[in-house]
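What follows is a group of structures, each given as structure tokens.
In the two complexes below, subunit A is the common chain; its partner is subunit B in one and subunit C in the other.
Right after this comes the complex of A and B.
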């Protein structure tokens, strides 16, 4: 008797949650397929994919994503390696620093970034190239909590000291140790960090918007203001992209201890 | 895990000395952080206490008591409190359903996976999804509108159009519904481990002592869980309070959240004195700092219990 009642109560909430998940998703999908009156068609998707502005902004965001991932990995893998090897005591401080982007709202951070770098002595907003340097730095900071945690979790599973000592006794220098020993051992952690980092850059609005760069986020806002069906198609496409990124992470970290990541807006 | 554990003692012995050679590997990281995180933050902080000539002043802080600004803080707090409480309660029961509630394994898998997806799904696409679903021509709106009947005089009556009952997606209630899409999944993700930590023995022991289900929850489970529940709710509060993109894309900036106001300040639209924008931003950072401190303290309490 009692067990059954509990079960119903549980089912009620489980079903409610599934409805909250699926109804907007289904509604969006349905809406995105109705651009041609009275017909189900992929016209909205075709329109988006044929829009040269979409392609340009997607390419821009994807390239920035790749650059961000590369630099981010180059900064954080050696840093975390060094912490584990030489300075475990510094880990709490570094950890607090790396979650700061969660504490400071993105809009506040971008405000500070723009006010700092839009005038002397460190002006970085005069040319598109310099602004791209600034925006990359911003992306690295915003995705830092994910990247640091992914690499930190990965580094925890390997025995950094033993590996380092073994490599040293075989005559490797620090650079060789990082490239030939640490990176290959961390490839799954790096990959999952990279995927979240990439997804963050692709979905980011505020930096691209306020630094006036042709990123995907500002493009989407623009489309949202002037079109009806294309935004729904874009939403489905970005659902799919988030889905693929998370799916890949789960696939690569099967059995590992990579945690579910929290929020990125 | 083990390698991490046995590293601790050696770090204890070493940490007081910290010779420079130990820090050299962290120099690139610190230079980067200094330039692109610390410097902008310090600028923000010092800017809040400067007038337009760069002299020290507290006048900008007066701006925080401006009616317009207070209103925007009130709106931001309202959306954040409502969605964190509602999302917290909803998320808690969903987490309950998939842990103690005995729903099948596949339900749990689906809900956990979707929570991971939805908690990461925010910003502009989220606004688009809700416009397509609940906007004036959205999927659900169209469906509810189509439920019609003819009254005695033969006129068509469609009693379920939500827009006839004061609902508007492009207002506070719409924004709150959209925020809920990432709020309750975030709760599910953060509270599920705590619910999993509730030992079956505790329930059995209390039942053996004659406790009812209500007594078990009130006297045993809840006292153990409340720090995690409160902590997770605070986390939800923070995630709504700092959100910008969804509100911007959904309402075009017509709801004056603090984040929207700061955005307009960056564009140079509204406020006369740019330094007042710093004060606005400082206010937000203070709210977030309080939030995260409370979260961290509560988190400590929780982990102590769950490790036992």
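Right after this comes the complex of A and C.
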């Protein structure tokens, strides 16, 4: 009897949560389809996709996202690997550092970046290229909590030390171990971190806005100020992109389980 | 001329000594086991040979070359781990061929060698599988093949059978010995299982608290243990205190019963302990042998043998008899007489 009551409560909260998430989304979707008066149409989406500014800002954010993901992977995989292998005592310190973007508001962080890097000795706001270097560094920091945790969790699922020693005894140097053993066994973890990192960059507003770069976030805000239906269409497209990323994580996670070691230490 | 030489090896961790003055000469093709309880320094010594730990002092040479401070990937030493340590992202064949791939060998050579190693371990049809699709025993055989595929000078095995169940362990240890003899590879095997060490090795190094207690063939270790630790650690042993009666002839006394020790060396008249294996004792009385009287305190079935515990002058003495159908099992508290040859016991 008690179990049944709990089950009903469970269903109640599950439905309440779904309504909380999906009703606004449905409202946005419905609104985005009513650009033509009295008709359901994809006009708002067509308008957005036909806007050269949208395509330029999406392309810019996507490229920045890919660069951010690549650099983050190259920084965090060897770092976390080294912590597991040689400096396990440093892990709590690194963990605290990686959650700083959650503690320090992005606006404070952006002003810090601008104050530090708009004057000598590191003038990184003079040209678009230099500002792109600065914004990439900013994105790496903002996505650090996700990337670090994804790789950290992945590293926990493999016996890093023994696999490293096994590869060493077979003649591998550190670089070969990273490329042949560590990276492939972290494939799913890296992919999860990369997709979350990519989604973070795509939706980021404050860095792009204050460093005056043509990113998707500032474009969405700009469109939202002057138009009605297109921002709703953009919001749905953004949701869709995030869901695609999450779907890809799930898809590749399932595929990877066939290679997990079942027995061992 | 020794092939692998460990000279005065010492290893300390934060002030505590893990291995102390370890000296060992290993001939080419020899199978040596490091046997001892947990924390005795056997794995640390193995890891120093592999290069995963550096000795605090001492020297390791292999075929005349100083290995002491060489990184693990430059030593040409194959290692098999307790947890198999197969690369989950690679197939069985890729795992086996990995050492050769790193060495820059051609694909044809790698494939041929992998196939030959798969045949050696009787897993010819498993090359395309991933390690997760194999049983523990199969994974460990692949780990063995991988460690041998790149033609190492020495094979190191760190408790390779510990994670396996008893039946597979016996099968696989015979397999390891067969392959080792077939290839003639110098092998160092770490184990805490005395049966494994006794059945596999040419020589055994018994270790305790970072020190070598005894080095010898399995028969020497079992039949002539040099120290009380070795006597107790390898096999079962009866150890009971005796007083020396006649130091010249090795005559001793347990309470009121007089015994003769087979090996006694130089006795100085102090109290000592007489050692005798349970399987050397027999029920009954025999002229010219040592004979003891006591009372049965316990009878334990161990399958093919039955262990009878007898209280003699307040000391428990165990004897093992074969479990034959016609055997009369003594009752608890029953007076019991037991006998053992003079040369089956020694003084410690």
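Observations on the structure shown:
In the analysis below, the second predicted complex is superposed on the first by the 235 of 265 C-alpha atoms of A that agree within 3 Å, B and C clash if a C-alpha of one lies under 4 Å from a C-alpha of the other, contacts with A are read in each partner's own complex, and residues count from 1 in each chain.
Definition applied: contacts are C-beta pairs under 8 Å (C-beta built on N, C-alpha and C of every residue); 3 or more make two chains touch, one makes a residue touch a chain.
Since the structure is predicted, the reported quantities are computational estimates derived from the model, not experimental observations.
Of the two partner chains placed by superposition, A:119 touches none, neither subunit B nor subunit C.
Of the two partner chains, neither subunit B nor subunit C is touched by A:128.
Once the two complexes are overlaid on the shared chain, A:110 sits against subunit B while remaining clear of subunit C. In the superposition on chain A, A:159 contacts both subunit B and subunit C.
Set against each other, subunit B and subunit C touch different numbers of residues in subunit A, with B touching more.
In the superposition on chain A, A:32 makes contact with subunit B only, while subunit C stays out of contact range. Contacts of subunit A with subunit B, set against its contacts with subunit C after fitting on chain A, overlap at residues 158-159, 260-265. The touching residues of subunit A, when paired with subunit C in their complex, are 158-159, 162-163, 165-173, 176, 180-181, 184-185, 187, 258-265.
Only residues 1, 3-4, 7-8, 10-12, 14-15, 18, 22-23, 25-26, 28-29, 32-33, 35-37, 39-41, 43-44, 47, 90, 93-94, 96-98, 100-103, 107, 110-134, 137-140, 180-182, 184-186, 188-190, 213, 235, 238-239, 241-246, 248-249, 252, 259, 262-263, 265-267, 277-278, 281, 284-285, 288-289, 292 of subunit B touch subunit A when the two sit together in their complex.
On subunit A, the positions that touch subunit B within their shared complex are 2-3, 6-7, 9-14, 16-18, 20-21, 23-28, 30-32, 75-76, 78-79, 81-90, 94, 97, 100-117, 122, 137-138, 140-141, 156, 158-161, 199, 203-206, 210, 217, 220-221, 224-225, 228, 231-232, 234-235, 238-239, 242-243, 246, 260-265.
In the complex of the two chains, the subunit C residues touching subunit A come out as 50-52, 71-79, 81-89, 98-99, 102-103, 130-132, 135-136, 139, 146-147, 150, 156, 163.
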